[in-house]
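Structures follow.
Okay, so chain A shows up in both of these, paired with chain B first and chain C after.
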Partner chain A sequence: MERSDVFALLKKLIWEYLDEDGKNSDFEEHSNLLRDLHINSAHLIDLVIDVEDQFDITIEDPMLGKMTTVGSSIDVILSKLR
Partner chain B sequence: MKRVVVTGLGVVAPNGINVPEFRKAIESGKSGVRFSTELELLRSGCQVAGLPNFESNVLNEYFTSNTLRNLNSTGVQYGCAAAIEAWLDAGLQVGEQAVDLDAGCVFGSALPDLSFGSELISKAIASNGARIGTRYIEQIMGSGTGAYITGLLGLGNYSVSTSVACATGTEAILNAANRIRAGFAKRMLAGSNEATDAYTWFAFDGMGVTNKYSNHDADGASMPMSQHAKGFIPGAGAGALILEDLEVALARGARIYAEIKGGWTSSGGGRNGGTMTANSFEGMVWCIKRAMLDAEVEPGDIDLICGHLTSTKGDVKEVQAWAEALGRRGSEFPVINSLKSMIGHCLGAAGSIECVAAVLQLHHSFIHPSINCQLPHQEIIDLIDEQRIPQHILKCQMKVVAKANFGFGDVSSCIFFSGI
Partner chain C sequence: MNSERSVGNDIVFALGSDRTGMVFRNNFMDKVLTSYEKSLLSKVAEKDTFFWMIWSAKEAAYKFASRFDPQMKFLPKMHSVEGFHTYRYPLSMSKRLDGFRVSTGLEEFDSVSFLVHTAANRVTVRCVVIGEFVLGVACSCDADFKNLLWGVKRIPSDRYAVQSKSVREFARRSIADHLGINIGLIEIEESLYCAPRISVRDTDSLWPISLSHDQFGVCFSVLLE
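Up next is the complex of A and B:
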C-alpha cells in the first residue's frame, strides 16, 4: 500500500472524530491530532481501534506515543503493514 | 424562600415518545405495554413490558456523529431525548452557549443498564486483552446520562445523578426544586431514566413481583388498584422537567405549567414492617404529611392523587396510607389514578414520567383514566368511593395535584403541584 493510500484511508477514519473546528483545519501530514485537529485523548484510543480494524494490524501500547501527527501515524501504520 | 415553577416538559414513555404524543395517549387511556421478545427469550414468566417506540435518530441534530456512534445504552438515549425536549419546550436554546453557572441538573436512575453492560462483558471476554474502546464507561457510570446532558447544555451550577429506587424521579425533581428554593440555582433540569433492559426485569420476575399471567393481553396486563392485580409490568423510558425560579421565568416571559409547592423524601428506616421490598405504613404516611407541611398544602386542597400504584398488593396499603395521611375517605377522598395502568412500572423513570403526566393534567385541566380497574380491590372500595378511580377522562380545574412514589429500601417521595 502506498503512503498516499494510507493517508486517504486514515483521513476518512479521523474525519469521524473531528468537531467543526477540526473539520475546518488544514488536514496535512504535519497536523497534530490533539492540538490541531482537537481529537480528545479518549477518542484517540477509539481511532487506533478503527485503524487496527481498517488495516488489519495490531498497534501495541508503546507505539501509541508515536502517533502524534497524521504523518507519524502513517509511519506507524506502514511499519506494521510491512 | 424562592418559588419554583415548571416551564418545560420532556418525555420518552412506552405510550408516547414526546410530550404531544404522550398527552394524547394518556387522555385516551392508550396502553404502551407490549410483548417483549427479549423476555420471551429469557423464558421470563412475565413477557410483556412498557416499551418506548423510540428511534434514536431524534438525537442526530444535537450530538456529533462520533458521539452518536456507539451510543448504545437505551437509558442514556431516552434520558438525553427527554432532557432536550424539555429544554426546547421551555424556550431555551441548545448550542455552543457559554457555561451557565446558575443552571444545573439532577438526573437519576434506579438500575444500571445491564443489557448495555452485557455488551461490555461479552466484548471483554472475547477481546483476549485487546482494546475495547472508550465508550463503555461513560454510558454505564451512574452519572453518564447527566454528564451527556450537562455537557450538551452547558449546565454548570450543579450536576448530580441520584438513585432512590422507584422514588428516583420524584426525588430528583424535589432535589432540584429545593436547590432553587434555597437560592442556590435559578434554573434546573430534573428527571430520571431507565433502560429497556430485560435482564433487570427478569430479576424482578424471579422475585415474584411481576404479572406472569397476562402475556396474551398486553394492554390489560397492568391493573393498579384492581381486584385482579397480579403484579407489576416492567417498563422503560425517561421524563424531564425544567424548573425555574418564578421571578426568572416571569422576567423572560416563559410559559408556566405549574408551581412546585414543595414535598418530601424520606425512609421508613426499615422499621414497623418496612423491609427491602415493602414500605412501612407509618413511613408512607409520615412522608405525605411532612410533604404537605413543607408545601403548605391542606388535605382538603388536593383534587388529584397521581399514585405510585404498581398493580401489586402494595396498592391497598398505599390507598390506606393516603386516606390516613389526608384524613379523607369515601366520596371525600380525592380522585386517584395510576399512569402505570398504561405504561407499566418504569422503575427509576416512573417518578419523572408520572410527574410529567401530573403537570400535564393540572395545566390542561383533565384527569386521565386509570385503565384496567373495572373491579377495584375490595379493601380499596371499603375505604374510598369507587367513583374516585376514573374509568374515563375527566375534565376539571384543579387546585393541587399530589404525586408520590414509594420504593425498595422503604423509601417514599411526595411532591405537590399547583397553578401559580
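Up next is the complex of A and C:
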C-alpha cells in the first residue's frame, strides 16, 4: 500500500473525531493530532483502534507515543504493513 | 518528587453519547488500563463511572507531571493507578449540571482518591462527580487539596474554540471573585506547549493552574497559597 493510500484512509478515520470547525478545514501530514486537530486523548485511543481495524494491524503500547502527527501515524502504519 | 508546586485536572462528560459504553468497545480497556486497574474495575458495579474516574485520574496526573516536563506524552498505561481510597462513593451521575459550580477544597464532596504513578512523580488524585461530569484533580499531597480553588461549568457548545475561550474566562472570573478584585486584573496565559500561567495585576503568580474541557463541560483547578 502506498503512502498516499494510507493517508487517504487515515484522513477518513480522523475526520470522525474532528469538531465542527475541524470538519470544515483541511489538514496535512504535519498536523498534530492533539494540538492542531484537537482530538482528545480518549478519542486518540479510539482512533488507534480504528486504525488497527482498518489496516488489520496491531499497534503496541510503545508505538502509541509515536503517533503524534498525521505523518508519524502514517509512518507507524506503514512500518506495520511491511 | 519534584519540590515545585503543581496541579493537574481533567473533566469527562461521562454521559456524552460517545462516552456511554465506550469503555467496553473492542480492546479499549486493554489499551489504557493496567492489570491492577482492570482488577479494581472488576470489583465495582458502576463500571462506566469508575472507568472515567480512573481515566480522569490518569489525565490529571499527567497534567500535574507535564508541568515539569512539557515534552511528556500522555500514554495511559504509563500513568498508572497504584491504589485508591474511597471517601464516600460518588455515583450520583443523574442530575444535569445547570450553570456552574465553584468551590474551595474537595472535602464536602463524595470522592474517590487514587494514588497515581507517573514517570517522575507519585501524586494523589481525587475524583468527584458533578452532574454528568467526572472531574479529577491531582495534587502532590492531601494537604494541597485544602488550598484548591476549582470550578466546573456547563457550556452550550462542544466546539474546541468555544471550550478553550470559555474555560479561561470561567477561571479568570472565579479567581477574581475569590480574591475580590476586578476580572480585568487577572490574566491567564494558555499555551499548547506548556502549562498555563496566571498573572495578577501584571505580575506572574506562583499559583499553578490547570484547565480542561470535554464536550459540553469545562473545569479549572488552581492551587492557592
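As a convention for this text, the second predicted complex is superposed on the first by the 79 of 82 C-alpha atoms of A that agree within 3 Å, B and C clash if a C-alpha of one lies under 4 Å from a C-alpha of the other, contacts with A are read in each partner's own complex, and residues count from 1 in each chain.
Simple rule for what comes next: a residue touches a chain if its C-beta (ideal position, glycine included) is under 8 Å from a C-beta of that chain, and two chains touch if they have at least 3 such contacts.
If you're wondering where the values come from, they're calculated on a predicted model, not measured in any experiment.
*Asks:* Which of the two partners, first being chain B and second being chain C, lies in contact with A:Thr68: first, second, both, or neither?
*Replies:* Only chain C is touched by A:Thr68; chain B is not.
*Asks:* Is A:Asp19 in contact with chain B, with chain C, with both, or with neither (first, second, both, neither)?
*Replies:* It touches chain B and chain C both.
*Asks:* Would you check which partner chain A:Ile49 touches, where first means chain B only, second means chain C only, and both and neither mean what they say?
*Replies:* A:Ile49: touches chain B and chain C.
*Asks:* For the three-chain arrangement built by superposition, which of chain B and chain C touches the greater number of chain A residues?
*Replies:* C
*Asks:* Touch check for A:His38: first (chain B), second (chain C), both, or neither?
*Replies:* It touches chain C, and chain B stays clear.
*Asks:* Need the overlap of the two footprints on chain A, from chain B and from chain C, as residue ranges.
*Replies:* Chain A residues touching both partners: 19, 42, 45-46, 48-49.
*Asks:* In their complex, what parts of chain C are in touch with chain A?
*Replies:* 12, 19, 22, 25-28, 31-32, 55, 59, 73-77, 158-161, 192-193, 214
*Asks:* What part of chain B is in contact with chain A in the complex they form?
*Replies:* 64-66, 69, 130-131, 133-135
*Asks:* Across the complex, what residues on chain A touch chain B?
*Replies:* Going by the criterion above, the answer is residues 16-19, 42-43, 45-46, 48-49, 58.
*Asks:* How about chain A: which of its residues touch chain C in the complex?
*Replies:* Residues 19-22, 34-35, 38, 40-42, 45-46, 48-49, 53, 61, 64-65, 68.
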